[in-house]
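Have a look at the structure below, then the notes.
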Amino acid sequence: MANTVVQNQQTAEKGEVLLEVRNLKKYFQVRTGFVKKTDLKAVDDVSFFIRRGETLGIVGESGCGKTTLGRTILRLEEPTAGDILYEGQSILGKDMKEYRKKMQIVFQDPYASLDPRKTVGDIIGEAMDIQKLCSSKEERRDRILELMRLVGLNTEFYNRFPHEFSGGQRQRIGIARALAVRPGFIVCDEPVSALDVSIQAQIINMLEELQETQKLTYLFIAHDLAIVKHISSRIGVMYLGHMVELTDSSELYSNPLHPYTQMLLSAIPIANPDVSAARKRIRLEGEIPSPLSPPSGCPFRTRCPKASPGCAGRVPPLKEVSTGHYAACHNL
Amino acid sequence: MKISALSMQNKISPDDFAPLGSDFFGEESLNTEEVGYWKASWQRLKANKIAMFALVIIVVLMFFAFIGPMLSPYTYDQQVRGDEGMWPCLKHPFGTDRIGRDLLVRCMIGTRISMLVGIVSAVIVMIVGSIYGSISGLIGGKVDIAMMRLVDIVYSIPEILLIVVIKMIISDPLDTLINTVPAFYGLRRIGSGLIAIFLVYGCLYWVGMARIVRGQILQLKNLEYVTAANALGCSRSRMIREHLLPNCIGQLIATVMLQIPSAIFTEAFLSYIGIGVAAPMASLGSLTSEALNGINSNPYRVVFPAILISLIILSFNLFGDGLRDALDPKMKK
Amino acid sequence: MQLSRYIIKRILLAIVSIFAIVTITFFLMNLMPGDPFMSEKATEESRQKLIEKYGLDQPIYIQYEKYLKNLVKGDMGTSYVLQKGREVRTIIFESFSVSMKLGVRALILAVIAGITLGCIAGLTKDRLPDGLVRIFSSIGISMPSYVVAAILMIVLAVSWNILPLNYNKPGGWIMPMLTLATYPTCYLTRLTRASILEVMNQDYLRTERAKGMSEFVVVFVHALKNSLIPVITYLGPLTASILTGGFVAESVFSVPGLGRYFVSSISGRDYTMIMGITIFYSTLIVIMNLVCDILYKIVDPRISFE
């Protein structure tokens, strides 16, 4: 709690907080024995905030809970504990219909995220039908065509079906669908990781443009550090459901504090062989532990080169090491 | 630049990098004429000669059953004096029975009963099964487990026995109802036996359908476009209507089509053992049963109803198989 | 561990199912209008005596409790009408042994003929034998059993006169057996054919051929073994339906089996007989399905345990 107070003080200087997440937990019950059930802690005690107009990147290995985090923030999964505040108001326990107009999501898989039986026009228009945003058919059609132009889709495709499109085009349809309700905040759940590298750049550039013109705030989830660095103003690093480091994008790359972040960064290949050879590489040893039986204390201690017996004691809190730079490690 | 004879490089000219004219794309968009799911399925079905032949036979049988009796000079319960026990002839192409009823028109009525039973039962099964299955699959959790346990139990009840028992129970009150309340006079002609079949189909046969629908829903539920609709604030009923059912409708239809023969089988069996349609109404089952009693003297009377019932079931089976292949999403990739 | 958990779950479910069937049948029976002694030419007084004697005047839940208690002991009461005073279980036992003798013969015939024909069709895909078998089996699954019975009667008994119509004469069991076996034979043929075609396309069979195995070994050792797995699932319901589904065959050919008793006990409103036979049949079907499902899980390691 102390963290959020500090964060709030800072934000007064740098801009208004749009979304705040406090001690968010999402546990899934998994049957592990005949009657025994175990909690799978997909998101465990995560707190952060996002300012209006910025992009917060979330990185981590697959299975670290970043997708669950994104979906829980939109209440597509009901949180187990904690609070989510949008424009200072808690969205928990409320009818989400109003908030669905303000918070949207773009999905990872451009193939599974579009209903194969619906035309492009109906996919984009569905949001308007549900939220009753258009009073007439003409208005609906005009708005859909406007959205298609906005995301760079040929308006002739209005009556086409998703299977006729490439992955990049499908992702544009998905983005248009999210924009249809004129949201202020969009969760981008690995929006480019299923695409070819050349298409990735197009989509990323488009997302950046849209952020300017449509005044959007992003939560950008990815496992590709290079992309996250490019698009984000701040970055959070997740490991086994915990946020282990959170700071400005440039600060994270120049001065990573958490041993896990240091390992992730050293795994990025560098195109220049001389620089690459000179760099000291830290190997990430071992497998990510099962989230069903996470290590006691610090979740990273089983793979951490700096781990000491004290690390097994309790979970390290995310503390502010220098101004705006948070990390969760007992050794800091 | 000099290119070696062994070079794998293609010869390239700056022209290769010129932007394509708009006419190029114009042609392409003409070629990619939109082929929707139903159109593609229909094309696959049309290519299946056996299924199309079965469809033609079904249509012909429909005419035979629903238009035929209007063209016949006799009615199904009319006893023609002096024509008792006739062999097939010009006046009575299928012959007459012991008390002088024209067997052609009785066979037409019997075919009508079989078709009605098959189609109505299939519709009941489809409605009950798909609603039950989609609710179970969509809500999930404890509700799903409880609902599926019920399905497991119903699944293990031998339905023929229950039909017989229910028919015995409801026939008396039902007969009273349809004979005394004017609003139900229309049901008098089909009789309590058929209503019992429909009731039991509504109560029992839906379980297979419910299982299939639930399986499909569970599969679809985890797809991202369902989550996407959720993120747009889609209500549960809209979700079922707009996203889930349209995406499993193909498999539903195929399953329902294969349900029709099984319902016809049941009706034929019940009429055969004498608890199906009420006399003097004719059913292919009761016609065969009557004919078998005099099999030594008039074996031809068995032939027509037996062939008709087999033909109906065969054509529905073959058409159903073809439809399943045509609608099978696995074929489409 | 997982297997034993699955088996326990299935057995519990089977017990619940049987209990549900007993309850449903019992209460349905009591909804049936009239009582079993209505048809008797007896005075009102003696009828009342009979009702009292069988405890039919007691409240329904007491009758239900009594029936359940007796059922657990294996006692299904006595027949009221058909064979007055005889125990239901004795009648069921006697007539079921007749049905079973017929059913087992039909089952053996169906399994042998069905799998053989299915293999022939599957291995000669799109050639003449396959075509013939497919036509035969498509027609076979489209004929209600009374149609099969009628054809057999007309051809074998009336026209050629080589088999007797009466079950009790020598050879009288052949026609009812053929009637019973037709549908399952054709169904098994189609199932086996489809299964073989699927298996023959698998990569591991191509590997066997590439290793130089003879076609005989490939087909009869590797392909057949795997393609018969789905056939096993059908065997449970098949056995149950052959053993219980003899209504038509038994009544057409006057076989003194259980199916015929069931039909006549319904028209005679013989409460205890109807209940006894329904419960007996249902239990049989539930147990058959149970055994088969468990067998299937053991045979096919790919099946997941939910």
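Per-chain numbering from 1; labels A, B and C assigned in written order.
Following the convention adopted for this analysis, a contact is a pair of C-beta atoms (placed from the backbone, for glycine too) under 8 Å apart; a residue touches a chain by one contact, two chains touch by 3 or more.
None of the values given here were measured: they were computed from a predicted structure.
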- Taking CA centroids for every chain, report which one is farthest away from subunit B. A
- Query: Whose Cα centre is nearest the centre of all Cα atoms in view?
  - Reply: B
- In whole angstrom, what separates the CA-based centres of subunit A and subunit C? 58
- When centres are defined as mean Cα positions, the distance from subunit B to subunit C in whole Å is 25
- So how far apart, in whole Å, are subunit A and subunit B when each is placed at the average of its C-alpha atoms? 48
- Task: Specify, in ascending order, the residues of subunit C that touch 2 or more different other chains.
- Result: none
- Task: Flag every residue of subunit A that touches subunit B in the complex, lowest number first.
- Result: 71, 74, 76, 96-97, 100-101, 103-105, 107-109, 112-117, 126-127, 130-131, 156, 159-161, 164, 174, 177-178, 181
- Using the touch rule from the top, collect the residues of subunit C that touch subunit B in their complex. 13-14, 16-17, 20-21, 24-25, 28-29, 31-34, 138-139, 141-147, 149-151, 153-154, 158, 244-245, 247-248, 251-252, 262-263, 266, 269, 274, 277-278, 281-282, 285-286, 289
- Within their complex, subunit B touches subunit A through residues 29, 32, 34, 36-37, 223-225, 227-235, 238, 242-243, 246-247
- Task: Name, in rising order, each residue of subunit B that touches subunit C in their complex.
- Result: 149, 152-153, 156-158, 160-162, 164-166, 168-169, 172-173, 261, 265, 268-269, 272-273, 275, 285, 288-289, 291-292, 295-296, 299, 302, 306, 309-311, 313-314, 317-318
